[in-house]
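One chain, subunit A, links the two complexes that follow: it is found with subunit B in the first and with subunit C in the second.
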Partner chain A sequence: MAFARKRRIDLLPYAMIAPIAALLLAISVYPALYAFWLAMTNASLLRLARAQFIGAGNLVRMIDDPVFLEGLWRTLRWDLAVVGSELAIALPIALLLNVAFRGRGIVRAAMMVPYITPPAVVALLFCYIVDGNFGVLNDLLVRAGIFKEYFSWLSDPAGSFWVIVSAMVWYGQPLMALILLAVRQTIPAELYEAARVDGASPWRMFWHITLPHLMPTIWFLLLLRMIWMSNHIDMIFIMTQGGPGFSNYTEAVYSFKLTTQFEIGYASAVAVALALFLVTASALYVRHLARSVLSS
Partner chain B sequence: MGKTLDRQKDWSRRRTLQALGATGGTLLAGAPALAQTVAAPAVRKKVKLTYWNWADNPVHQKISLDSVDMFNKSQNLIEVEVDATMAVMESRKKLVVAHAAGAAPDVIMTVQYWVQDYFDNGILHPIEDYFKKWDAAPDFFPNVIEQTRSKKDQPIMFVPQTSIPYFLFYRADWLKEAGVQVPDTFDDFVKVAKAITKAPDRYGIAMRGQTYSAIQVILPIWASAGVKFADEKGTVDFDSPAAIDVTEKWVGMFTKDKSAQPSAVNDGYREQYALMEKSKCGLWFYGPHASPALITALGDAIQGAPNPRVGPNRYMLANPEGPMMTTGTKEKEAAWEFIKFITSGEALLLYTAGRAVPPVRKSASLNPFFQNNRFIKMGLDNVSTWWMPPYEFNNWANFQDKIPPFWQEVLREKITVKDFHAQGAKFLRGQA
Partner chain C sequence: MTAQQTRQVQRVLIYAGAALVLLYSLGPFLWIFIASITPEIKANWGLLSGRRASYFPTEPTLQNYADLLNNSPFALYFRNSLIIAGGNMVLTLAVASLGAYAFVRFRFFGRSSLLVGMLVAYTIPSVVLLVPLLVIFRSYGLINTHLGMILAEATHSAPFVLLLMINYFSTLPRELDEAAQVDGCSRLGTLWRIILPLSVPGLVAGGLLAFIMTWNNFLFAFLFTTTNAVKTLPVMMRLFAMGEPAVWNVSAAGAVLTTLPVALIFLLFQRMLMSGLAAGAVKG
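After this line comes the complex of A and B, so read on.
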């Protein structure tokens, strides 16, 4: 006689993940939902209890706000300049550090120095280097005859942008180089040996073996760094406070500035808009990535 | 001159802080102790208080820690815990956030320009009742106490420790070399700035482009030109021809005369100080707290003068600072005892002489340290000209928070002076 036994639910796995799920709810889901709520209010930190629901009021304000609208381009420009430069520098470094040479261990360790330096310190160091009156960069450029007089880098929109990008790239590229180096070391040596036997040049080996193996990681790094850079504030803020004028106001900096003015409702709206852009772009990107990996 | 330059080379930020620390320490060791407030008669149980202060530098931070240590040792019932790790602007943000979260400290140091906002939003607990009963009340400068009311009909909001007057630092040797006098009027000032400029080696004025402080130093000159900014009726005149005229001349020093350093747009305090110390600029509007380091670096070459005027009246921007009681405190008596302590006696000297800023108590201001520092003495001699803009106006914080990027834009000639004033007036009118 066979009785259909009632399936018992094993509660243990749920019990195991319950603490982390509760923690995530508390520190991630609840704040995110609260930010969405704030984005639909006129909340000020000074008068939080008197916040009123205004629906899409902040959205309407954003559409009419040149600082927000121009901030979209500034954010994209910042992302592309930093992440593109990091990749352009990190990839050759990773390949170089894969080559055997004397002192390679020391060089590999030294390479990480920028990344373990606090970003605030990096920002101040770059401020001193490019100082318009006493900076060593100006001194070198004038001595070399490239500039006739000192240039105030941080007072110029383009100059300040590239100085901040340089500081960020100097700080951030070691991580990318390290990850690419780790992936490079997983590529089977037999592939290169076979290519050498077939008479392939180093360039062809890079193009047909190294790069295809690195590409999934590169795509992933690009996505990750773009998200990080879109949310980045400290380097920009310490070096220029977003200036001169509004020239370095990315959306993240703008949201932060609004918070310092206690306009937490509108600041949340800007932050939520940025998050939605990032989530949408990331979703499309991941979908594309998954399809290309599957097809390959 | 050679000696001066050698000394300048040796000067560093570390030495600046050491000089300030040594100044305060020497003063406390040598000066006769002023009457110190003693234990709290109104507090009869063990009480814990939290106290927040900002730290301009490590010396300033140590002042907060030392004063709390002195207080805790002075009696057995009240124990104060201090947090002095924030920058000045951060302290406002931190307080507002903490208040919203119901976790404000009992006592926090404040600057006058935040007081009305704190009061209007239920963060600040006025101390008028306590202050009136305090036997030391008549010792405070009456005009400064009146300022702490923020509005005429309001109670006293906090107890001032200091009010830092902003005046003109100038290079006496450069003025003499150029054959010009210390500027009396603003027009004279513009001429002097031009006369002492020898670009690119040296510039007349160390001009500031970054943050609200860049505009703050111009406030008394606008006021001298008759600009009221905003009155009780809500009339705003920041876009008046008188205001625009002053700004045209100020900005003209940078854009036309080239008598300000080319890096002015992004320069803040740190850069301005370096420009003065390294003899790159000759005129600077700042407070006496920069004086010990400048005297050590430049000797008698650096001198101070009241701000130039436009109309008949001359003003010196002076913002009272001092501890305030928050509405969140459950131990008001204990908080008041602590406030009294750090605005009196040796603790007051720590906060004032230790930072090279003038006290606002008559007895303390007679201390040799303040009388012997020519910059602080000049400030004290001009107490009658101490002035502040209408911080109590309900859109002042809006103006103060939002105008800085527009100042950089006007220096870069991306907007006109007229546009800048129109934007400022909009902020003051609450239209933006």
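After this line comes the complex of A and C, so read on.
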């Protein structure tokens, strides 16, 4: 009897999972493994059949490639600028939208709209806003007397960086604001009542009640957004193609540019190196967080 | 200052803040909309530098929208975006709700490792997948096909909707399934006749988020399509952003029409979509 029961494996759940498992195997898992293989070849899209296995050859090339090496710093700079600005804008918005006022529902919905806008449209919007001829930004700056004449933002390395960062922050910060707002709503109101009875100022309440409650979420958001931003391509590629020069070549953009130039072996190597670096860094970071939580 | 005055000052500050948030979030849209109804300068290239920022259209017109539809393949790209986003929505909902039901209601060997595997698949970044998918799609003739685009977009949407549906199905009481089976309903019949009808809010949220993700995605469309017959709107928006062709007010009309469908979906189904958005639906 024991045997009979063991042999009756229920196949239905496997059959139900089969479609999505097959789909993900075909379009995610297998391609990811294939990327590892490509990363060890000198494959070009134009002569794919003649691709040769070169082992760590691409790694050697990376270590000697100034675009890749400087790309590490450019990626980190991009991550920090975007994620830091997102937090600086999202936190006040989340706290404001937690206060009850007439029309709050409308403001909450409006706040989210940039996040569901296609990134390509966001890029177009910001290209137009900073345009050297008809852009609003130049017009306002000249009218206010801050600039003497129109400035060509996207042709300037620093100018283009901050314009792309602004576009990215405008597009991405609603996610942070939404999540911070959701967490803020879970802080018990009694804590604030008690503090008010004790005569605490709003600033002290923020510092001693709100911020400590939000901190775990903030750390999590910073990590998550840093990873996403390291992999982000759209906004930079659409607005300046990584230019002017190499000034906005993050590793992800570099890999994408290599792909469009058909150098797919090296492009894969850069992408895989980036992914492995991010996985390692975030694993170490999570372990560090877990340790500090456990020890406290 | 009396307590009453303090409260009034607070009130003013709150509304000032709210106004600022509205201006920041919607201002660029307002500006691009104004640009889209401002007459296009149809002059020679020498006059391009004569363009100036405009805030109020002195003579509003819909001519830019007509020009966009008549002189560019916008309508075709719109149709492609619709086919690909709609197709992806159907594919994703079908495979994800089937799989999610199995994960929630069945206990079987390898259940948790399969689930973890799908989570890992969800975290593989596009940067890594772009090149291998390009090579694979070329060898299987999926470049320049709607099917190829639908499949590529499923790399993000299928695992995401799977998680969403697992969460949703978990909230439905198990007694429902048991009662249905006592009444002689098969297990697939239970999913089809009992669970899915009760899960409409979850299905709507998952389906629409998959639609929005696909509608907005640029990278796959840029890399896997070379002909107008399959290209999607974000690819056209990139050309417009680069000033090709140099018809800014017509391009503005294109940007408005590209955003309109997803903005309408979001505003109509806001309540259902919010929690999914908080889960990080639209990646990166």
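We adopt the following convention: the second predicted complex is superposed on the first by the 265 of 296 C-alpha atoms of A that agree within 3 Å, B and C clash if a C-alpha of one lies under 4 Å from a C-alpha of the other, contacts with A are read in each partner's own complex, and residues count from 1 in each chain.
By our rule, contacts are C-beta pairs under 8 Å (C-beta built on N, C-alpha and C of every residue); 3 or more make two chains touch, one makes a residue touch a chain.
If you're wondering where the values come from, they're calculated on a predicted model, not measured in any experiment.
Overlap between subunit B and subunit C is detected when the two structures are superposed via subunit A. Applying the stated contact rule after C-alpha superposition, one finds that A:48 touches each of subunit B and subunit C.
Of the two partner chains, neither subunit B nor subunit C is touched by A:284. Of the two partner chains placed by superposition, only subunit B is touched by A:149; subunit C is not. When the two complexes are overlaid on their common chain A, residue A:123 makes contact with subunit C while staying clear of subunit B.
Number of subunit A residues touched is higher for C, counting subunit B against subunit C. Residue contacts after overlaying the shared chain place A:245 against subunit B, while subunit C stays out of touching range. Contacts of A:133 after superposition on the shared chain: both subunit B and subunit C are touched. Shared interface residues of subunit A (contacting subunit B in one complex, subunit C in the other): 45, 48, 131, 133-134, 260.
For subunit A in complex with subunit C, the residues that touch the partner chain are 9-10, 12-14, 16-17, 19-21, 23-24, 26-32, 34-35, 38, 43, 45, 48, 92-93, 96-97, 99, 101, 103-104, 107, 109-121, 123-129, 131, 133-136, 138-139, 170, 174-175, 178-179, 182, 224, 228-229, 231-234, 238-239, 252, 255-256, 259-260, 264, 267-268, 271-272, 274-275, 278. Note for the complex: subunit C touches subunit A at residues 11, 14-15, 17-18, 21-22, 24-26, 28-29, 31-32, 35, 48-55, 91, 94-96, 98-99, 101-103, 106, 108-109, 111, 114, 117-118, 121, 124-136, 138, 151-152, 154-155, 158-159, 162, 187-188, 212, 215-216, 218-219, 223, 233-235, 237-238, 240-242, 248, 251-252, 255, 258-259, 262-263, 265-267, 270, 274, 277-278, 280, 282-284. Put simply, subunit B touches subunit A in their complex at residues 89, 93, 96-97, 100, 117, 121, 200, 209-211, 261-267, 271, 274-275, 278, 280, 398, 401-402, 404-406, 408-409, 411-412, 414.
Residues of subunit A that touch subunit B in their complex: 45-48, 131-134, 149-150, 152, 154-155, 160, 240-246, 249, 260-262.
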